[in-house]
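Two complexes are shown next, each including chain A; its partner changes from chain B in the first to chain C in the second.
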Partner chain A sequence: MRSRLATTMEVDGLSAFSLREFGCEQNLLSRPDGSSSFVQGDTSVLAGVYGPAEVKISKEIYDRATMEVVIQPKVGLPGVKERAREQCVRETCEAALLSTLHPRSSLSLVLQVVHDDGSLLSCCLNAACMALMDAGLPMGCLFCGVTCAIDPEGHIVTDPTAQQEKDSRAVMTFAIDSAQHRVMMSSTKGSFSVNELQQCIAVSQRASEKIFQFYRESVRRRYSKTV
Partner chain B sequence: MRETPLSNCERQFLLKAIEEKKRLDGRQTYDYRNIKITFGTDYGCCIVDLGKTRVLAQVSCELVAPKENRPTEGILFLSLELSPMASPIFEAGRQSELLVKLNRLLERCLRNSKCIDTESLCVVSGEKVWQIRVDVHVLNHEGNLMDAASIAAIAGLCHFRRPDVGIQGDEVTVYGPEERDPVPLSIYHMPICVSFAFFLEGTYLLVDPSEREERVMDGLLVIAMNKHREICSIQSSGGIMLLKDQVLRCSKIASVKVSEITDLINRALENDRKARKEGGKFGFAELMAVQRITALKSDEVSIEMSDGDAGAPSVAITTESPPEVGRVPSPVVRAPGAGQVGESLENAWGLEQLEEEEDQPGDEVMDEGLEIKEENQRQEKSKGEVVVISDSEEEEVVILNPKTQVKESTLHASQSQPQSTGAAKKKKKQQKKKPVH
Partner chain C sequence: MSDCLKEKVGEVLLPGDIFSFENTSEKVICGPGLRRNGDEVLVCKSGILRHKHPNMYWVDSQQKRYVPVKGESVIGIVTAKSGDVFKVDVGGSELASLSYLAFEGATKRNRPNVQVGDLVYGQFLIANKDMEPELVCIDSCGRANGMGVFGAGGLLIKVSLGLVRRLLAQQSALVKELEQVFPFEMVVGLNGRVWVKAQSMQRVQVLASLLESCENMTPQQRHALFRRAANGAS
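Let's look at the complex of A and B:
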């Protein structure tokens, strides 16, 4: 198994991993406290954050803020898939946010899928992070999402398109923090070996550096005086 | 979250300004805010910006059985959603009064005006027809949702292409976009809603009210009209008395606005068609305002995995191998339906005591998990009968092979007895719990 992985690395050359072009716009909606739209290739997600705000008494937590995440699909009503994604995003956000600074308040994050062309969960995570940043909520670290797919030959594809995801044997999404590049959340589908998982994590950690670089540049641009 | 109430002075200020023919955003009485129509990569996906109000519409289709009373007509299904993103007062999945009102208006504007040819959506009479579904999501609420929603819905319908269908005998084939070009819907006319807000008992009138203006208005008149000046629906709400002249004047204004908006939609459709034909890039990603300071785009980047560590494989090699599965007591399968409280967890209670006591017989082992394993093995040796073993400290480590193991089990029971005096209460509790499971 290991030898095959090693050859994969050699054969593909080391530039086999790439992220599609990505873009982000912050503060594009007037009503939410923070909003962003994140685009990865054709995949596009719009995020809006409200909070810290008044919380329903039934949902109040006495020592920290209540985080709510809603993912709206483009067609139809939210189903089980959306609920699962919501949970992944919520747990990542809860881990990154310093919610103890806003006890007895609500933070709500709404994600609208604008176009799904693969790597949707990672795009949701990126949009969420940018929106939380825009809302100015205190966070211990930033996070980003990276999706890896393993095709039937065992090659790893980062940031796969919908077609690549369909053809693949396994799809994994990791949320990675900016402080130590550790895995905060993982969501996997399909079968893979321990080695492949480690390899995907390593690739994702590398990819996350690029995304954090992008975050940095976009924030720098936003707070620069000249365009 | 509750809506922040509008203060009296804000209300008075707004009304005073309207009396003086002034609007907060500097518009004239009959002016619309800027309308921007953009189409997505998918067919039938459209975002409309009306000033800061933003609405997303997505048209989709599926094959369904037709309604019994109309076997040859396709179905147009409209669904408007007030996403909690649009305003903090909107809750996901709640049927508010506003939502019902907007949905009803949209239905009357599009379905009841028969703007699309539903008969052309029939595939097999009485069996299969296309259902066209329009999902409208409100993304940002800055007033006049109705106009934005109607523009987005009709633009989405015009942009939409459904898969082509071939019928040979009884066989119906739905062709993918690679095999045959998808076909557009046949649209008779494009009804568009225009909202008029009335203030101070109908004395003043404003077109395209903003969110603030909507909160101080007395009444609202919505006219849905197409560019042929045919009124498709008209609704007055808020309970104000309107004069005949006022309604006529409004319909005249509406006809001008509708023809302008129809032109705009047609131009946007034309642009999108051109972009698609030229094979260039289209969709929202291309329309991102890169010149804005809040926006940034990056090109495709490659990730180098070259420098030294090569990450994963070395991690995989150097990390400790996961603990052997054999260490963990293998799950015991009892008779079907049987279960026990705290099952599958390793019990650390009273382990030391047990160990001490068990050390004396000599033939027992230190670890409970191991003990079970060993016993298991022993069982396997002695004909491999079914074993039921518990990892609890109580005495039910029984039902072994009666001939060979009786001695051991009795031994076990006698050992457990003294230490289980204190555990007797617990045992009762467990028994109480059992029926629950």
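Let's look at the complex of A and C:
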């Protein structure tokens, strides 16, 4: 159920991308319908999914499920930053889930930040995808998050630590789908050129293949016990 | 053409995996976790691909949340009486309705004795995503056929849906081994609820903890545990 992987890889022509060691565990909580914990280096997020469950009349949507995402910071109350992340995660989940199969019901996803050492949004996205998969909700495709930072010299750093993020000129996070490796969501901060954006997307798409491979491996490990 | 599906039987699939067919003359029946999309079959749940002769395929996944399906037998808890229907909690996203006439021998004069909080074993007459699910406690001939309100005693426990299906499988090794520990009664609902009753409350508790613990166990581990329990019980 618990698996780990670390990668360094050369992308043809572009600079090498390296992902910190990442690990995942599914079905670790007993109460939620689906749960997962995702670790990227020192960044760690715990996710729990409830649903399809009963929905408040005021939030009911007649032809699809209502998706709710809550991000709990490590300390203190959730603020504007968390709300912005919640929206990014929610819209990505809504795009991947086949929510029309469960109309008039609610899906709620709770993400607890255990430790933040950079690339938090991508870790949240990865934990969310694993938890949704664990809950057995119908999905059209999988998604993963990749964060890229551009340092002052113009080099692209994938999966940056908090220090690398701080030193960088721009930080971008992309959610990438598993079917066509297209960008589902992007969140950027700082200044960069169009060319740099394209490069970052290309690197993220390459990195996403590694993550999807890891997803498959860790789900396979989870089901290896069932006869 | 169903070869591409056949060679993946027993392997783990992830949502987003696609099987495409060139020759569409052959028929394939898609079970849970598989969806047809034009000439393609799309996987929408993670789990192991299973096959039943001649052409049935489905994805076997470990889930906890139940989604009502027509014809499935479940254990429900009566939560309210409103007019001529009972509202029954079956673990889905909505309460199911159960008419008071849907019991064996029930008429307008002769109402069944069902109280709020009672457990009922019934099957779904209506279950689809757009309508309220409806339970009945009689078969199409009007016979109870094992369904109805539970008697006193016994204990209701919740397990995963995967374990329930393993308990209900024909010639289930798990049930055979469990029978050898000590005699007991068991009712298994496909919604992940299991009702057990044995000679004493202590045995019921042993049974409940055995069931909960064999969720993630290899046959060898299970064998050892059951033997220990049987020795302790005698």
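The rule we apply is simple: the second predicted complex is superposed on the first by the 209 of 227 C-alpha atoms of A that agree within 3 Å, B and C clash if a C-alpha of one lies under 4 Å from a C-alpha of the other, contacts with A are read in each partner's own complex, and residues count from 1 in each chain.
To be clear about the criterion, a contact is a pair of C-beta atoms (placed from the backbone, for glycine too) under 8 Å apart; a residue touches a chain by one contact, two chains touch by 3 or more.
Since we're looking at a predicted model, the values are computed, not measured.
Aligning the two structures on chain A places chain B and chain C next to each other without any clash.
In the superposition on chain A, A:54 contacts both chain B and chain C. In the superposition on chain A, A:205 makes contact with chain B only, while chain C stays out of contact range. By the document's definition of touching, neither partner reaches A:169: not chain B, not chain C. With both structures placed on the common chain, the touch criterion links A:105 to chain C but leaves chain B unconnected.
In the superposition on chain A, A:27 contacts both chain B and chain C.
After superposition on the shared chain, chain A has more residues touched by B, the comparison being chain B against chain C. Using the contact criterion defined above for the overlaid structures, shared-chain residue A:158 touches chain B, although it does not reach chain C. In the superposition on chain A, A:18 makes contact with chain B only, while chain C stays out of contact range. In the superposed model, A:64 makes contact with neither chain B nor chain C.
Here the smallest spacing between CA atoms of chain B and those of chain C, following superposition, is 5 Å. When both complexes are aligned on chain A by C-alpha atoms, chain A residues 27, 32, 53-54, 106, 222, 227 touch chain B in the first and chain C in the second.
By the touch criterion given at the top, residues 2, 5-6, 9, 14-15, 17-32, 35, 37, 39, 41-42, 44, 46, 48, 50, 53-54, 70, 72, 74-78, 106, 108, 110, 112, 114-115, 117, 158, 194-195, 198-203, 205-207, 210, 214, 217-218, 221-222, 224, 227 of chain A touch chain B in their complex.
For chain C in complex with chain A, the residues that touch the partner chain are 12, 14-16, 18, 35, 42, 44-48, 60-65, 67, 92-94, 129-130, 162, 216-219. On the chain B side of its complex with chain A, the touching residues are 1-2, 40-42, 45, 47, 52, 54, 56, 58, 60, 81, 83-88, 92-93, 133, 135, 137, 139-142, 283-285, 288-306, 310-313, 315-317, 319, 322. For chain A in complex with chain C, the residues that touch the partner chain are 27, 32-34, 51-55, 98, 101-106, 133-142, 177-179, 215-216, 219-220, 222-223, 225-227.
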